[in-house]
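The structure's right below; bear with me while I get my questions together.
Each chain carries a letter (A, B, C, D and E) given by its place in the written order, and its residues are counted from 1.
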Amino acid sequence: MTDVSLEKLTKAYPGQTRPAVNDVSMHIDGGSLTALLGPSACGKSTILKMIAGLLPPTSGDIRFARQSVLQLPPNRRDAVMVFQNHLLFPYMTVGENIGFGLKMRHEPKKDIDRAVGRMLELVQLEDMGTRKPNQLSGGQQQRVALARALILRPKILLLDEPFSNLDANLRLEMQQLLNSLHQELGTTMLFVTHDKEEAVGLSSKIALILNGTLRQYASATVLYGQPKDEDVARFFGARNFVPGKCGPGYFDCALGRFTLPESVSSTGRLLTFRPENIVVGGDNILENSFHATLASKQFLGSQTVLGLQKGDIFFEALLSPQIAEPLQEGSTVSVHLPQRSLWILG
Amino acid sequence: MTDVSLEKLTKAYPGQTRPAVNDVSMHIDGGSLTALLGPSACGKSTILKMIAGLLPPTSGDIRFARQSVLQLPPNRRDAVMVFQNHLLFPYMTVGENIGFGLKMRHEPKKDIDRAVGRMLELVQLEDMGTRKPNQLSGGQQQRVALARALILRPKILLLDEPFSNLDANLRLEMQQLLNSLHQELGTTMLFVTHDKEEAVGLSSKIALILNGTLRQYASATVLYGQPKDEDVARFFGARNFVPGKCGPGYFDCALGRFTLPESVSSTGRLLTFRPENIVVGGDNILENSFHATLASKQFLGSQTVLGLQKGDIFFEALLSPQIAEPLQEGSTVSVHLPQRSLWILG
Amino acid sequence: TEKVGYENWDEVVATAKGGTVNWFMWGGADNINQYVTDYIGKELQKRHDISLNRIGINDTAEAVNIVLGEKQAGIDDNGSVDLIWINGGNFRTMKQGNLLFCGYHGLLPNNQFVNWQDPSIANDFGLSVDECEVPWNRAQFAFAYDSARTQSPPKSIPQLIGWVKENPGAFTYPAATDFNGSVFIRHVFYHAAGGPEALLGDFDQDKFDAVAPKAWAILNEMKPYLWREGTTYPNAIASLAQLFANREVALYFDYDPAIFGINVENGIFPETTRSYGLDDGTIGNTNYVAIPYNSPNKAAAMVAANFILSAAAQYEKAKPDVWGAAPAIDVGRLTKEEKSRFTELPRHPAVIDPAALSQKSLPELHPDWISAIEKGWQENVAK
Amino acid sequence: MLMQTNRHTENSRDGLSGPVWFSLILLVSWLVLPLIPLAIWSVSRSWYFPDIIPSAFSLRAWNYVFSNTSDVLPALGVTTLIALCATLLSVIIGLPAGRALGLYQFRGKALVELLILAPTIVPGIAVALGLHVVFLSLGLAGSYLGVLIVHLIPTLPYMVLVMAGVFANYNPDTEAQARSLGASAIQTFFYVTLPAILPGLLIGSLFTFLVSWSQYILTLLIGGGRVVTLPLLLFNFASAGRNDITGAISMIYILPGVVLLLLGARHLTGRSRAVESLRQI
Amino acid sequence: MLERWKIPLLLSPALLLIAGLFLGGLFLGLIGSLGYMPLLGREELNLDAYRNILFSTGFYQSFLLTFYISLMSTIIASALAIGAALILRRHFIGRSVINFLFQLNLTVPHLVGAVGILYLFSQSGFFARLAFEFRLISGPSDFPAMIYDPLAIGIILQYVWKEVPFIGMILLANMQTFGHDYEAVSRTLGANRWQSFRFVLLPLLSPGLLAAALIVFAFTFGAYEIPALLGQSYPAALPVLAYQSFTDVDLNARPEALAMAMIIALLSAVMIFGYARLARRYMRS
């Protein structure tokens, strides 16, 4: 169980004025499964490549088990990376690709073959061992890249968007595969994703990177429920921000006065509440309730988004499609913001 | 507005026994935005490449506006494709990549530059016009590929997983970009995705491909609410299948007797209901209600999954985290399956 | 003369006017090139309106092969070669393949200066010339040494054998595949046979078998004392020249003594280079120019050949600063005035007096003999 | 298509270690060294053992080379022209073949490869005579065109094989992408394929040029002496041991190549594309 | 699409040219080697020439020597070229100069290079003169023989000299097309520098390297000038042997010369075939 820590890690690509990664410090516990989450071009891949030893940092340090590894070449770090663009060796078969790392360790051919066979099964590519990578679909290639790394059971596993080409079911199975490996070996895993659901579903802790800097590093519930600032909240899908003023235990704004839960500090000026936590259409008039107009309604599959308007304030709610169905666009509905769903930003 | 129709389209890659695409017939309305949805390796990219003219079908026909295009070379089809793996031209700058198609049409340089500038802005890569593709992040590359196709404003636009590397916010913006283009030009768009939410959010009609065959081709609500068979239902996230027997207007099974909505035929042997439509923890005992044990609970970000057990039957429900929070694992909860959420499979 | 298609010389000259002569010749010496292009070429242009096109080649066989290919392809009157500097084996090849234009000597006015009675002119390496070529130069094998380094070079084959043993590593000769190497071996062969007389005429296997073992024994006896202990031989005379120039060996020889002077002038050989013949004589030969059977410019080629035989051309060629080659014509048949110009020609100090050399001249063998000797050397000495 | 995400410029850090420098210098001097004596020889008159520098200098070789007798300057023009044309034709003919061999697997591929390689395998003289006959029958002998065509026989294999090597690592999907973006086949070639294979193509062209540039026996036979190229002049002196004239002609010989290299070197070695390396890899 | 016709279409111009002209020439050579010489009035075919050659031991010695020269030249040149290419693709100060010098000899014909090599390495050459100057040797014969020597060092030196830049350039061009990414991947998968070279870079390079090595091997096996100039007189390299019979004074020796050339062609074809197979298998697995 190797812990990884980044110390003021900075990377400026030559010729670029703004560093791609800027002063990132974080500690990743040995054996944990951590997500590097962030929008496109925020610097996730760059961080991963520096940890893997493929890119020298401009400044800062990277430590594995408290030892700086900056001087170690990639193959001596025991940190295996799965690249965003797969990079399968084009002239090797799928099986050879997967067995590559073991071959580098001079394992006996028989053992490699067995391990590759098992790996192929796990990533559901049983019959494809002898194909060339260019004969695979995008998702299949991605699974090969994953298998090529997993087979090595490394101390540290770095995954760059490992599931971006996989459908939900397969992604779930691959995630379970990762999880079981993780449990079995205590591998420290760091994976990059742009998908907050994926990050939440898989990892114990999430580092949110925006624009090259680490913005919040916490568990999923904290990031969803108690974001540090508006940017973080927005990234996690918060759409509802209502300006106003805090009083002791309450918040006054255009929607009315809302009682805050005790855990929330009463100093900020922006009220936020997650769309999925809003109760719409309940009959009982409770505390923190008001009426609003249902401005729009959009079916999203397993959820439906409601656009609600009260005065100048527009906000969104996510409901199960079943509940949303009877509500008519244009009608007035009652809205309840449960006390525990309220959060105040600075 | 060119409509596209596929007639018994089949593709077997040489040396493969099972065809990658098998007898797919479908009609895509001119000016529509259709999703090709399916799990990894189901044949989506293959279909797209055939439509673009990059892969000759083994049999079957492809017609644009009722004319077979099988004999037309790709550049004469006015069907532009964005590849799953970007395929940016590595020795051209980002700007040159985006302007490529216009240059091929011998448009004046000035116009090209203007169009490229606008496109760069739209995909939020303003300052990157002079970079080389290898100096971009994965998501940036994907946006360049998208821009390179959009700039051509083609009659038919084929997109292979155009958003897989983009975060939710950016994806939304890109989707809006697509949508506005779509509305403005009446382009017929066909896009491939493995993500049902994406398909639902963007397209008017969805073709579900499983294992190379077209399984259902319908609107999102139909696919979610009235799947044709278990496979389709499962792909759309249905987890709950209860075997039993139909009677006139009702269904008998281990969970009890359920009254069916009138629209549902009473001939099948498998009851299904979507996890997000289940009401858990309501106090009022309604029709189609029963009690079950809360076996597990998992936070997924904007929703929480509950695992519920009654007798031998295990099923899942999706709740807003707010509602799910007070429910204790191990406790007995009341469960209501609203009548309109029930669906019977053959 | 009817068979060559011209009534008389005037007709030839008239036909030749405005023509071109493509003359294929070894092109490795700038002075010879200059002589041919600048002197003969200019004169022909001036006198006969003929343009001379000198084509330098590495090996005469290349030109022979061109004619051969043309014959195979049925190009019988429009070949690319009009004139070749040739002798020996290549002449034989062309004769064997009927590749030559023959029978025109009677037409050439300057043919009168050639002494066809001389067997060494009438026979090219023992093969009768048969009016198929016109002599150009006379040459006779001679040795060269650096008088500053070597006091008393060996003056006969027996002396040479002894000298080689006393001076290990100071002598070698090119392999039999080289023209000059082959001549050297023939000298040893003559020595073994007790003189060339027994070997003249057509090839005789019995005579060969009688002499050859002796010759091989002599050469093999020398072998351990040769340069590099005889493990290898230079492949070309040019290599021997380099060895001599670099003091790796002490003796050099060449079929054309003029080359000694040329090499000194070119800075290849030291100024103190001197040359000599052997007391027991050295082999002499004549080299010629020949007209291929399919030359499209035969008349012009004949005019060129005739000019080559002129006293003026031969005199120019004999000048030591031009080439220094011995004339192929019989100087005795010239006017007195012309004759004296020849005799008064200064001689390059490195080049032995041709007159003195030719007093002990040995004949060349028939090409069949030469082939047999070369093969025998490869098998018995080289291995 | 592979995206080279890992490249980065770290010039300052990417120096060479001492031993690597040493071996590099050793190699390069060994490559350049034999050319130096040729240069010196061209101006020397006498340079023999044990002189480390020539004992006498002279411009005689240069005088000869620039004289009308030597034909060197016209031959330089002819040689360059023929080599350029041969290169162009080789590209046109050899590129498609290289693509077929590099990109596709097909039955009889080994045979095709062998056939294309054959002209380099078979000793020149063996075919030269036969070729001569063939060319004579076609009426091509003795002309510039004939020489140009016969040069294709030894040059083509170089082009084809080099291009096959290049195409073996080439992703034709980028072409598909270009076609789909509306490029015609020809546009695709010029805008997409060509830039991608350009380094290899330049190498292939360079070699083609050089092979034609130093062709001796075929030029002589097919040209029948009417087409005079530099090697015809040079080889006479080289094999006759005339180091001074050989040296002088060699210097002229190197010249166009040097110019070509100076023009092409950027592309050849990829400086223009900023090939950067990963520091530790 | 014209899928099926694509390959033949692409190949046809090159094949037509080579088949039409070259095979035509080769065919004439072949029948010539069988004794068909209408010139001398001989029209019947026989295998005498082949018999003569195959029954002489000299031929086999020459074959071995030639094979050895080609093999050594190809191997050494390839190895040096790989090393050079690996260095030259990196960034360092003075790279462009080194690069230029590296390619300088590309334009120089083999024969000219041989003259340079001869001057440097012969027993009276530059190095010998240096040794003499420093009194390490007392005369040319003390200097080790590297020209006209039984090990053909001079010939190999010359070939290596000429072919290193040739192969090196091909490799550099190839390396440029696939960059460093695959090596990076292999490094994180645990390959050390050597392994990442051996199992990733080399296989990626192998098509180009193989092609280059093939050309070099074929060329050195069939070339006449260099062994003629720098080689020992016996055994001579096969092409020298063939050339000698070609310029033989006797037209009757022609069939033998042609037969020799045919045998050289056949032998090198066989060797190249085998080599390509072996190498391809070895490098990519």
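Following the convention adopted for this analysis, a contact is a pair of C-beta atoms (placed from the backbone, for glycine too) under 8 Å apart; a residue touches a chain by one contact, two chains touch by 3 or more.
Nothing here was measured: the structure is a model prediction, and the numbers come from that model.
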{"item": "Contact-graph separation of chain C and chain D, given in steps at minimum", "value": "1"}
{"item": "Comparison of A-E and D-E by number of C-beta pairs in contact, larger one", "value": "D-E"}
{"item": "By mean Cα position, the chain sitting nearest the middle", "value": "D"}
{"item": "Whole-Å separation of chain centres (CA-atom averages), chain A against chain B", "value": "21"}
{"item": "Approximate Å spacing (C-alpha centroids) for the pair chain B, chain D", "value": "54"}
{"item": "Distance from the mean Cα position of chain E to that of chain C, given in whole angstrom", "value": "36"}
{"item": "Of all residues in chain E, the ones touching two or more other chains", "value": "28, 124, 140, 179, 181-182, 184, 187, 193, 196, 204, 229, 246"}
{"item": "Contacts with two or more other chains, residues of chain B listed in rising order", "value": "73, 85, 134, 138"}
{"item": "Multi-chain contact sites of chain D, meaning residues that touch two or more partners", "value": "2-7, 9-10, 48-50, 128-129, 132-134, 169, 196, 235, 239, 273, 278, 280-281"}
{"item": "Of all residues in chain B, those that touch chain D in their complex", "value": "49, 52-54, 73-75, 78-81, 83, 85-92, 100-101, 103-105, 133-134, 138, 141, 148-149, 152, 154, 158"}
{"item": "Chain E residues touching chain A - in the complex, by the definition given at the top", "value": "181-182, 184-193, 195-196, 199-200, 203-204, 206, 284-285"}
{"item": "Complex contacts: residues of chain C adjacent to chain E", "value": "59, 61, 65, 68, 71-72, 88-90, 92-93, 96-98, 169, 175, 177, 227-228, 231-236, 239, 242-243, 246-248, 367, 370-371, 378-379, 382-383"}
{"item": "Contacting residues of chain C [partner chain D, same complex]", "value": "22, 24, 26-30, 33-34, 37-38, 53, 55-58, 62, 65-66, 68-70, 72-75, 79-81, 236, 238-239, 241-242, 245-248, 266-268, 270"}
{"item": "Chain C contact footprint on chain E (complex, rising order)", "value": "28, 38-40, 58, 118, 122-124, 139-141, 145, 148-150, 228-229, 231-234, 236, 240, 244, 246-251"}
